[in-house]
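So the structure is just underneath, and the comments pick up after that.
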């Protein structure tokens, strides 16, 4: 037992020594990034953050008052997207960033909604400003900020949420109705809170607009066969398959759809279909699929002058196109933070919060402003007014921005077997 | 040449009976225990300058409690529970409901959640208690999954988002000492309990339940008592974690809460209770140190675990005990 | 009508997934919790051969994938399980830990994201009884039935198959008759792993290769085996059909998100009503005290 | 009073998946009897005990103890009534020292009722009683034997421990399942007086045995089973003269 104690003490000493890194004249501003790095939403956010920080540091750093301080990025693997890992594990990771890595600000995750919601109390406890840039799509997040501003004022989110995305989808579908005369939609969603809520909201919205909607089919995570739902949708003449899934098995659904040659076009939030590699993975069967990448700039597009600059810089640094949701927003969050710190002239949380609330910069995916009450980025269909989404369609194996109209580079193309 | 093992002077090899003559001998016996108690109590102060590691202490003690519960059930009652997460989940949700929905203060919600959680767990496990063999293991493995799915499907208790906004502990020292002291109390309490007459009967159930039945004792009732005790410990850990992170959600039923305690018991040494706790004290910090390796730490972790099972199945505790009570020397044959 | 078609496909998929697990358990009494990991390993290896070595023929890659998986399975027994044989809990923990190590190791080694997949053998679909079925699924059904038939013949008419059955029924007696129990256990693990790999090759083209599938496969394999009776082959097939159809019917008539709840409830009810499973014999033996 | 047998078994039948283990077995046992049950291997002796003591459910038939129907009761209830049993395959509580093995029966509701453990409430009391019982049954009190782990005891002591476990319950009836088997002659010689002592204390004994010679020294009535069927019942010597019994045993035991 003595050996054990000794071991614990030695381990503890290591823990003490680790943060004691080299001390420079101008201490860096530490940004902690709690991310589930083994997953798309984790690693693309990590790359986005690192890219932005490198750019800023190369330009001399952040001007805090009279001195210029660099950004330092500390990434930690929270594992929160892995099944079987408790949220407390992710929260412990967050605490490690705050307490041991001495993070001044948090950007990125936690990625899973429930972990992010649980993290809000911790952020209040340690008084750390955080910008959520990936994962978390639940409206509960900003509603919680609004509900108890003084407690949760530390929490910002610069990506979209289900409510906004629904509006965008409805507009898109309405456009398609006008163009092609579609009127029936089937809804297939994953059994998680935000997807289910999304499915319900979609059903209601479309019914209100006069669509025939086949009641949502909710699939548990890990379902491997969708034939029943798909053939049902096909029989009832659905022209739109509205999907909301962030599980890998959604590829199965798309392959089945292509094999069945259903006379419908899949539209939705499908995490498996975001990456450039998806086309190869699906054996070309994802052609015509319309996917929401949540924010513009997660695929090459011309939204603002900055967009392609960002895409090119990303390609240069990491050797591939931005892969999916979380890339552009994580990148922007660093710039928003830089802007806020410079305006506040300090890293004091309260001052930075005020500065973030008043921040207004043109970014990769439009104008970036936070709502003062909810700390949610203000969305818009027009990049000049607010943050725009990035809905793309897979056309000839490439991701083509098709929505919002002001940023569109191409038109919706129907699957070959749908053309009469 | 052959290795010879000789008992140190004091210990008479009749299982638990000692003849104590001097203060030195008392110290010999009590020393390790005192060291453990003092060491644990001192931890929050030792890590005063590494605040993050203070947080690890809390989780470490919570896992130690779960490991003790597993060790007790598996090695003293013969019920292998693969679902420690079931206990933490139920305990955590109860704490959240009491604290958030009913507005009870933290010093009421934790004890109430512990008791009611233990009752509920026992109730759900009742059906598989009369059975022998692997059924208890399979059912306990399935229950956390089932509850996750039910909460998900019925969208109750906050659905997949969980319940947030639980009260945290009023001050960090209370937070540390609440769990450290409770862990110590359960540790030594359970060690005492298994040597009480009731505990002996439970151990009898493990060795030979038929014979216990033939002795006129209702085996199922004994198992109910044991499951209640274990789930009491587990639910406390769950309620504590819920309050520690001010949150309860379906991932309180996560597999880690089942696996890490089992691994702790394997590494620490089964059937000693102390070994279980020590296993957790080693594994949890180890897993923190390895955090930088990302998922690779799970690989390291699993290899260590397999290594222990295969090559050192007695575990660290029993090994240390042997080294402490005996010395070895090479003799010529 | 189409529900029946989909039900059959789903059931055969399930039984393919769980056959390897049952085979290992029935012969060597090792609950192989690394089953899911072996499943993914085989898929990943095949993918590696296809992707890294240009022009590698697909059938050869499949053979290599299954072959290596089966060797891995045999090695797990030969080097690890043999030392803890008979201690059920140690076996569970050890196999589970190995499985976890393989899966997380693969994840660490680069198996992340959703861009890994195997090509389907044929693409396109056909209409059967009003249900549209793609060719890959037809192949699965065919291959599944063929596997059952081959296994049946193997255990009835070949020497080693008969030895397997002997061991499965009474290990001690079989040992007295000169059957090497360790050797058969190694072979059984090799065959069980190969079956897992075979199932993976058939099923993975439907979706993509991700680590999570490994965990799901394990859960389904256990579910099917518990309901069918641990170690009973007939039970596996019957139980797959029960769960398979239960899932399809739940999806069609209640709602898809109760699928998992139904499967888990089925397990718990089975355990409560007939703990040994539909075809299990353990209860009967246990009663003899 | 004397008209009522202490244990009365009527028409017990049990099959294991088509195999008939017991067919319509009936017999009565008077208080104070030492009742022997003999028969070749696989004739259903142990199954019979299991049926009577509730470890196996019977398909039909009735077990009455002191006039009370106890058919289908749970084993622990039957033990609580005062029917103790030993097991053919001994498995003492290996992880406990010998004397601690007795804590389990002493803790049972029956032992508390019958005063096997005389109140007091102090922790040490059961230990004292346990050592007393062990001494009665032939463990040397002052040696280390009663304090040794049960797993380290020699077979003879394990058999005694099994009997001690029954005695701790203060039972009215004890079923002994092959207590002599696996013992050396000298060990058996040590056991016989124990049986006689129990008999003299008024305990009814039912003994399943292969060692007929030793059995006949103590038993006053014997029943023979073969293939689950009762062949005959009566005085030991009459039974052994029975033609069917001899046929059943021919070549298998040295009668």
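Here the chain labels run A, B, C and D in written order, and each chain numbers its own residues starting at 1.
Just so we're on the same page, a residue touches a chain if its C-beta (ideal position, glycine included) is under 8 Å from a C-beta of that chain, and two chains touch if they have at least 3 such contacts.
Keep in mind that what you see is a predicted model, and the values were worked out from it rather than measured.
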{"item": "Intersection of the contact lists for chain C and chain D", "value": "B"}
{"item": "Farthest-lying chain, centroid of Cα atoms versus that of chain D", "value": "A"}
{"item": "Separation of mean Cα positions, chain C and chain B [Å, integer]", "value": "33"}
{"item": "Chain A and chain D: spacing of chain centres that average the CA atoms, whole Å", "value": "73"}
{"item": "Whole-Å separation of chain centres (CA-atom averages), chain B against chain D", "value": "40"}
{"item": "Whole-Å gap between the CA centroids of chain A and chain C", "value": "36"}
{"item": "Where chain C touches two or more other chains, by residue", "value": "107-108, 257, 260, 289"}
{"item": "Chain B, residues touching no fewer than two other chains", "value": "149, 152-153, 210, 259, 294-295"}
{"item": "For chain A, residues contacting two or more additional chains", "value": "38, 82-84, 191, 220"}
{"item": "Interface residues, chain B side, partner chain D - complex", "value": "14-15, 17, 196-198, 200-201, 203-204, 206-208, 210-219, 271"}
{"item": "Residues of chain D defined as touching chain B within the complex", "value": "53, 55, 74-76, 79-80, 84-87, 91-97, 100-101, 103-111, 123, 126, 144, 147-149, 165-166, 168-169"}
{"item": "Chain B contact footprint on chain C (complex, rising order)", "value": "31, 80, 83-84, 88-90, 92-94, 96-98, 100-101, 104-105, 107-108, 219, 222, 226, 230, 257-258, 260-261, 264-265, 267-268, 271-272, 275, 282, 286, 289"}
{"item": "Touching residues on chain B, where the partner in the complex is chain C", "value": "74, 80, 82, 127-128, 131-135, 137-139, 141-143, 145-146, 149-150, 152-153, 210, 259, 262-263, 266, 293-296, 298-299, 302-303, 305-306, 309-311, 313"}
{"item": "Chain B contact footprint on chain A (complex, rising order)", "value": "1-5, 7-9, 11-12, 14-16, 37-38, 76-77, 79, 82-89, 91-93, 95-96, 98-100, 113-115, 117-118, 120-122, 125, 138, 140, 144, 191-193, 196, 220"}
